[in-house]
C-alpha cells in the first residue's frame, strides 16, 4: 500500500450521477487482486476531512492506469466529479483483501452478482476469471433501465443478466430473482448493498465471496471504525470481529454477520 | 457595493512574497474613489471561512479590470497566490470610504506616504490627483531594496523618495525621515502599519488622510469587529467609535485614536 | 400555510430562517443588500441598559472551519436603540427578536421591560451566554439556579415571549434548559459560541485582545446538533437552533434534531446574501428529500407538537 | 539535547509528537508505513480489563473540518494486550504511553497495576473522558472529586507516571485539572473529544449507531488551545496537548498555549504519514520564526519551568 498523487486522465458521467474516472500513477502497479479499494483524498485542506473509499473497477498495468466508477452521493463525491482532466488526486492504496480468483478453477462456472455501485469491482474480477478459463455469468441489478452501466463491458466476458426493480429492462425484480433461476455454478462473487448481500447469501447454491461497505476513519486498520462481527472467533488471532478495511472488504460467505 | 465572481486575468510575483493580481468583472465599475477595498472569498467552502480585505491598487474602467497587490502572509493569501489565470474569485466590494481626492485643489502639492502593503491604494489615488493637476510627491518605505515595488509606476506620477530600514536603497530609515525633510506641501495621504501612521501624523506639517487596517468579520458594518475610537463623539450620530470597514478605512488625520 | 412557514411563540415566520444576534447589527447594513422582509424573522444585536464600548481590537480571529469573536456586547444602549434602531425596523413586517444582555438582574429586567413594550418587537432573546464579558453574560448561563432566577424575573416584566439563549460551555445543558423552562421561558435559543482561543505564532500571544473569544461557524455544528437533540427530548418549549448553519442541508439537520426555527450567523460573513439564498433553496431540497412541510420534520417530543 | 527534544515525566522524547490514543491502535498498522522510532512517543488505544466489543456501526461520521467517532473503547482486553500488543512494541526504543479505561475504579486500578509493570511502558494515560460509553469513561471526567479519587487510586498502584486525560465537555476544566494535580497526577492530557452528533437527512436519524459521538479534528483546535492555555496557568504539571493538530504551525501554537508535548489523532486519517511529516517540518518552521529550542516556547507558568 502506498500514497500517490495520481493524475486524472479521464472523467465521464456514464449514467445519471454515475461517473467513471481514470487516474494514472505508479500506485496502479501495486494492485494485488480485484475487489481491493483505494482511499481518495478529495481536497488539499480539511474540508472534507475524511478520505473516500472507492473500489478499483479496472487496472491497466502498462499505462499505469486505474479506473474507478462512483456515484455522486454527497459532498466528497460531488467535489470529485467536478475535478477535471489534468488535476491530481491523492490516492492511498490499494487497500484491503480482494476477491480470491484462485478459489475458482479452469472450467468452473462463476456467477458475479452486483448491485448499483457494488458492480464496478466485479469487472476487473471477471476479466481475470475469464483469463483463467473460467466461465462467467454476470447478474447486474439496478433500479431502472436508465441507471444501467457496464453492461457491454460485462457482455464481453460472458452472459449478462440485467434486473431492474421497475422492470424497465431485463428481469423485473432483484438480482436474487435472476440468481434463483440459475444452478450448476461452482462459485459466486457478490458486491452491493447489505440487504442484497443477505438475500444472495440465502439464495445461492454454491460457496461464494461477498464484499462489504462501512463508514471508515483511517482505512488502514488502526481506528476500528469499520468492524463487523465474525460468526466464530478467529482461531489463531482469537478475534471476534474483522476490520473491513484490512481483513475485508471481501469475506467468505457465512464468515461474517451481515 | 456588489458581489461578483471575477476572473483572474493576470497574477505575478513582483517582489518576494508580493503579488500583483488583475481581475475582470462589472464590479470594477462600482469603484467610487481610491482607497476603497474589496473583500475576497478565497475558496468555495468553509476553509478559510473569512474573506480577505485587499485594497484596490488600480482600476481600468473600459476593460472592467481591477488591480490589487498583496503580500502572502498566511493561509488565505497563500491560497490566493496559487490561483491561476482563468480561475474565478468571489469579490465583495467596493467597500468603505476611500481617499477624498476633492480635498486637494489644482496646483496643490500632495505627499503620498506608503509603507509595505499600504502602498498599493496610493497608486490609484496618485493617478487621480495628477489628472486633477495636483503635484504629487511619493514617499515609499520598505525593509530592504529587495522588497521595493511600484517604484516606476509612482515615478510616472512625479517625484518618488524611497526609504529602506537597512539603507540598501534610497534614504536609510523610515518614511518619516524623508517626510521631515519636506515642507510646503498642502495635504498628505498615508497608508501603512499603525506605528508608521502615528509617526506620520506627528511629523506632518499639513492636514492629511490616513488609511487603517483591522481584522474584519463581515466587512459591511454589521459585526463591529473592526471598530476604532473617535477622538470626539460624532455630532450627529452620537457615536464614539467608527467602523473601519464602512466609515473607513480612510479617516481625516486626528479624527481617530491610533 | 406555506410549506416552509413555521410558528413559534410570538413568531409567525414565513420561513424558518432568521439572522443570528450580533451578526446582523440592527438590520440596516444588510437592508441595503436585500429586502429584509424575505427573512423569517430578524434578531438584532444584544442591547444593554448603558452604551457599551466593547473590547479592544483585534476582536476576531479565524479558525479551521470557523471564527472566534470577542466583540464584548458593544451596543449604543437602551435609549438609543429605542429611539433610533427599532423605529427604523418599523418599515418591515417580519417579526423582530431583540437580544438582551446585562451585568445584573436589574439590568436585564430594565431592558426587558422597556424593549418588550415596543410595538414592533415580537420576542426577546435572553442572552445568558456571552463568553466575552467578565461580569454578566456567561456567568448567568452556567448555573441552572441563576439562569432560572433571571428568566423568572425577566418573564415577570416582559410583554412578549422570552427565548433563553443557552451557553454550550457547560457540563449539562439539559439541566439548565429544564430549569429555565420551569422558570417560564417560552422557548430556547441554542447554541451560543464555544469558548476558544488562537495564538499568533509571531508574538506568542493570543490573537484576540480579549485573549479568549467565542467560536462560531461550521466547525461547531455537530456540537449544536447534539445539544439541540438532547434538550429537545427533555423540554416541551420550542428551540431556535443555530451554530454553524452554512448550507441548506444544515437547516434541515437542525430541524430534524429538534429546532423549530433556525438562526444564521457566521455564514452572513462568508456570503452577505446567505439568508435569502438559503431560504430560496429550501423547497427544492425538500422536494428531493420528499419532505412535505418543514414543521413536520421538527424532531421534537410529542408534548410540544401542539405549538408547531 | 536537540532543538526539538522535550522531556516530560517518564517521557524523554526526541521530538514533541506522539500519535493520539485510539487513532493508532497498537502501532502495528502504521508501523508498516514508517519506522515508529521517528515518533517522539507512541500512545496506544484504550485498554480495559475485559475485551470490549465496542459500539455498533456506523462508528464514524464526518463534520465540517472534523469527524465524530463512537468506537466505544473496543479493545482486546488486558490479557491480550500484555501478551501480544505490548511485546510487539519492544522492538522500538521510543517511549510508550498506554491509555487505560474502565467502568469502575477497580477496573482502572487493575489495568494500571498490571500495565505499569510492563518493561516497555513509560507512562499511563488515564482516560476519564471517553464520551462514547455509558458507564465509566466520561462520568469520571466531569466531576472533580470523582476524577481526583480515581487519580489517587491509580497513582497508588502505578509504577510509571500517570497523565490524566481531561474531557472538554465541562463547565470548568481548570477545577478538574487542579483536583487531579492535587491527587497526584504527573501530567495532563487534553483535550479528548467534544460531544457531537450528525443526522442523516434521508432517514432523519443520527448517522452514528451510538447517536452521539466524539468530535475531533481541526474544528476543535481553538477549544483545545483555550483550555490548555487556561489550565497551564493554574497547574504546574506538564500538559500533552491535542485536539485538531493538522499542520506544523498547530504544534507550535499548542506549545505556546502551554503544552509540553503534543498528540496527533485525526490527522493520521487524512494523511497516514502525518506524524513523521509534521516532525520533519518542525525545524525549518522554527528557523523562520526564530525559535531556538522548542522547550523554550512552552507558554507555561514559571512553577513548572523546572520539569522542562
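Worth a mention:
Order of writing sets the labels: A, B, C and D. Residues in every chain begin at 1.
Please note the rule applied: contacts are C-beta pairs under 8 Å (C-beta built on N, C-alpha and C of every residue); 3 or more make two chains touch, one makes a residue touch a chain.
This one's a predicted model, so the numbers in the text were calculated from it and none came from an experiment.
Path length between chain A and chain B in the touching-chain graph (shortest route): 1. Centroid distances from chain A, each centroid being the mean of CA atoms, peak for B. Between chain C and chain D the centroid-to-centroid distance comes to 34 Å (mean Cα coordinates, whole Å). A separation of 46 Å divides the Cα centre of chain B from that of chain D. Taken residue by residue, chain D touches two or more other chains at 63-66, 217-219, 246, whereas all remaining positions touch fewer.
In chain B, the residues touching two or more other chains are 46-47.
Judged by the touch criterion defined above, the protein chains are all mutually in contact, each touching every other.
Residue ranges of chain B in contact with chain C, taken from their complex: 1, 3, 41, 46-51, 75, 92, 214-229, 238-241, 246. Contact residues of chain D toward chain B in the complex are 64-65. Those residues of chain D that touch chain C in the complex are listed here as 63-66, 68, 142, 169-171, 194-199, 201-202, 204, 206, 211-212, 215, 217-223, 225-226, 229-230, 244, 246, 249, 252-253, 256-257, 289, 297, 299. Looking at the complex, you find that chain C touches chain B at residues 22-25, 29-30, 32-33, 45, 51, 53-54, 57-67, 69, 71, 74, 76, 80, 207, 217-219, 246, 266, 268-273.
Residue ranges on chain A touching chain C, taken from their complex, read 46-47.
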